[in-house]
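Structure incoming, see below.
First chain written, first letter: the chains are A, B, C and D, and each begins at residue 1.
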Amino acid sequence: MNLLFIGDIVGKPGRKAVEELLPQVRKSYAVDFVIANAENAAGGNGLTRDIAHELLGRGIDVLTMGNHTWDKREILDFIDSEPKLLRPANYPVGTPGRGSAIFTLPNGKHLAVANYCGRIFMNPLECPFQHVGRLIESLRGKADYLFIDFHAEATSEKIAFGWHVNGRATAVVGTHTHVQTADERILPAGTAYISDVGMTGPRDGVLGVKKELVLNKFITQLPVRFETATGPIQMNAVLITLGLQGKAEKIERINIIKEV
Amino acid sequence: MNLLFIGDIVGKPGRKAVEELLPQVRKSYAVDFVIANAENAAGGNGLTRDIAHELLGRGIDVLTMGNHTWDKREILDFIDSEPKLLRPANYPVGTPGRGSAIFTLPNGKHLAVANYCGRIFMNPLECPFQHVGRLIESLRGKADYLFIDFHAEATSEKIAFGWHVNGRATAVVGTHTHVQTADERILPAGTAYISDVGMTGPRDGVLGVKKELVLNKFITQLPVRFETATGPIQMNAVLITLGLQGKAEKIERINIIKEV
Amino acid sequence: MNLLFIGDIVGKPGRKAVEELLPQVRKSYAVDFVIANAENAAGGNGLTRDIAHELLGRGIDVLTMGNHTWDKREILDFIDSEPKLLRPANYPVGTPGRGSAIFTLPNGKHLAVANYCGRIFMNPLECPFQHVGRLIESLRGKADYLFIDFHAEATSEKIAFGWHVNGRATAVVGTHTHVQTADERILPAGTAYISDVGMTGPRDGVLGVKKELVLNKFITQLPVRFETATGPIQMNAVLITLGLQGKAEKIERINIIKEV
Amino acid sequence: MNLLFIGDIVGKPGRKAVEELLPQVRKSYAVDFVIANAENAAGGNGLTRDIAHELLGRGIDVLTMGNHTWDKREILDFIDSEPKLLRPANYPVGTPGRGSAIFTLPNGKHLAVANYCGRIFMNPLECPFQHVGRLIESLRGKADYLFIDFHAEATSEKIAFGWHVNGRATAVVGTHTHVQTADERILPAGTAYISDVGMTGPRDGVLGVKKELVLNKFITQLPVRFETATGPIQMNAVLITLGLQGKAEKIERINIIKEV
């Protein structure tokens, strides 16, 4: 079984990348199941119902989110009724939506998917290290594999989280920095790990935003209204091959660029 | 001319990686000049005179630093008299040491090297975007190439900085996160760019620190005394091939792992 | 000469407090000159032209700002033509508006007023400690008194700034936390100091915002649209009596509450 | 019943202030029970066994802590066996020590004391808003009064916390900024509140530290070894008069300065 995880889809260019590149990726890599981070899918921030449906209709099986989950308020209207949409599990008890769910793979095995946010340089949520311990307990006997999107800023927290679930999760892939890292590996006890999968969207901006606007902000320190960049698009993803006993067999980085 | 830049050298394992791997890398890649980030070279934090000499004696031509520059206080005793050692240029006017310098390459050309710190999630220094503009002005007619180690946390600031000097610097390589990124490229106007070169040191820790200690800190929130990790070592570096008119021709990631 | 400084005016309730309480305060305290922080005067964030005129028309002589200076974009249209409006002086060179100016007091003496932002837990601006040294130099022979609104979060930075200009400025009053502190004093070399003057606006909210909304945000970690609180209003201010040779003679806290 | 709460005791000067000023304060204010924040009591950071005993021997009944709880590692050796010592209750489950306890007042009534840390600009702990709700539940029928030391940086979080337990706690006093605020009041439902009680220690430093050292750090951005300031000492405290049905009747600020 080959799992594809697509890094943060940013705005229209990101959705276009999914539309134009995902079909070929599915084929070339013999993909069986697709997860994608959609926290920036709507205009760069948040997710609307229409865009969630668009992405789920284009061959993505599960959507994960991050610190931008709530940027479009309408998500509160549909997050509870969309079982294929996950938000970080370490939001306070009682938060709308769910942080993990179990899905059935084409081979009949059960794949748990969970989404977490880090806390270093980010909002104060529940401890993801402690929360994931409880999650893993609760999944016993219910899921064959556990895939985690760990949405965080600091490399220390991401790597530590990888070690924390080494041998207990099938894969931990980082998101949020929008830059793909080159440290993908299978940790000694069988967990696939990468610090950040990267971004799916416009290649020549700054994290998906028009570079002139971001530069202007850094230089002047004045507030700037951000717009999604244009130009060539990229899809950043990883392919994870599932192995025996809940372990990962392989992790491979994918980075496809397309001129537009 | 081939320039090698080595990512943050961490402690004894990092120095061992330099000792054991640099000679072969120099040969295989036909390296002409070596720059390395040494902010963590002494026991994981800072730099001592002895370790500076050790590194400069092993074939490194210039040492750059970062937010850990001053962790070993003795650096204040020798930073002013060590012309091959740079600290971030955007420290306040009057700070000991220098932030940039011009070196002569084997082919007689002049290479300016500069070191900057970012400000997002970091200490409040002078604006690196404005400072580098003045630096570039001042280098006119004095240097053929400009190489910049941009030591920063946030990918937005790093990428924006790359675009900021696109066509005005030969290369901008990020450091500080200790994780190599896979976004190396030549920007449209000829500047080699990578968000982070990564780390040279123990592979199986967390940014070079024993993983058990870091995990303990994240889980308990109690202070923990950090120790450098042991086990396999890695060298993370990039090779930059200089081109015409101050531009870069090529940038290539290097990641060598050695069991010990 | 008695100088009145009014702490952050928040929204309509804050402007109402100015309208209803300032006339009586002017009389009771024999006020000669009024400065007020207006960074939250327009709906809780920023300043519009109309509200600037309203406040200047109600007996305020100078308006200072802070990190919310640019929240209402229209300020860019009038900040350059409004000599009685100051924004933090340590924004980058080239920022619209001015960070300090000299005003003539009723007794013919010249009062320099300056506005600065701190950097701890705030945006990365120029070093206020270094900037104010240059400002003080430049004011020699031009101003008899120097009043500074130091807009900052951390008490350490505020107190250190007070000591930094002790004997060189007439007064340093902190703003930004919206809570009046009880540490007003004349520092040994004659500088009046208080860590925070407090807020002028609704008393029973959280920094001027409806308490239910803020509580909701802290508890749920979901984004919440803030609204200015209603109910009793307060005016927080300090009265500074100017002395000889640019020193302050007295600093007195003012806190008036009015049921509405 | 009169409760005295003493703001962060800093180093030797702070302990001297307790020794020299507490006896007279007890008498003048008819104090029945004394709580003090001791997170900086040992050399400016942390608490040793000897100093805990010294403070408890000088008429303090309960010690609370904060983000500096663990700065002196020996606290781990005695925190579990010292029932009069509290650390923030929202550290992870399993943290040594306790976050709240019930004490018997001279009149036989039971006083619960709790210590919390805020999370804005601080470490990522459990949500204090949610934690305190559970604590209040658990105290039903066991305690007549609930006193809370809320150790936090941001005024928004402190004020929101006060409103959160308005009518459910007897008093919420803020600590951590080392500057006494002038916003003490009885909230509408009977909870005594002040954003910060202030500091007990050397008056002419920066939060208790020698001002030259702090200034040097702000200006040079180089690391500086901090030392406790000398000169006049101050005791910052509040007196809370307990009322009926778990409410507070009165809150009064105390600020005593003594030349040495």
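Note that in this section a residue touches a chain if its C-beta (ideal position, glycine included) is under 8 Å from a C-beta of that chain, and two chains touch if they have at least 3 such contacts.
All of these numbers come straight from a predicted model, not from anything done at the bench.
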{"item": "Chains contacting each of chain A and chain D, listed by label", "value": "B, C"}
{"item": "Chain pair showing more contacts of the two, B-D and C-D", "value": "C-D"}
{"item": "Self-contact between copies chain A and chain B, residue sets same or different by half", "value": "same"}
{"item": "Rounded Å distance between chain B and chain D, as computed from the means of their C-alpha atoms", "value": "44"}
{"item": "Cα-centroid distance, chain C relative to chain D, in whole angstrom", "value": "30"}
{"item": "For chain C, residues that touch 2 or more chains besides their own", "value": "92, 124-125, 127, 130, 219"}
{"item": "Chain A residues within the chain C interface of the complex", "value": "70-71, 73, 91-92, 94-95, 123-125, 219-223"}
{"item": "Residues of chain A defined as touching chain D within the complex", "value": "92-93, 119-120, 124-127, 130"}
{"item": "Parts of chain B lying in touch with chain A, wherever the complex brings them together", "value": "121, 127, 129-130, 153-157, 159-161, 163-164, 177-183, 188, 195-196, 198, 204, 206-207, 211, 214-215, 218-219, 253, 255"}
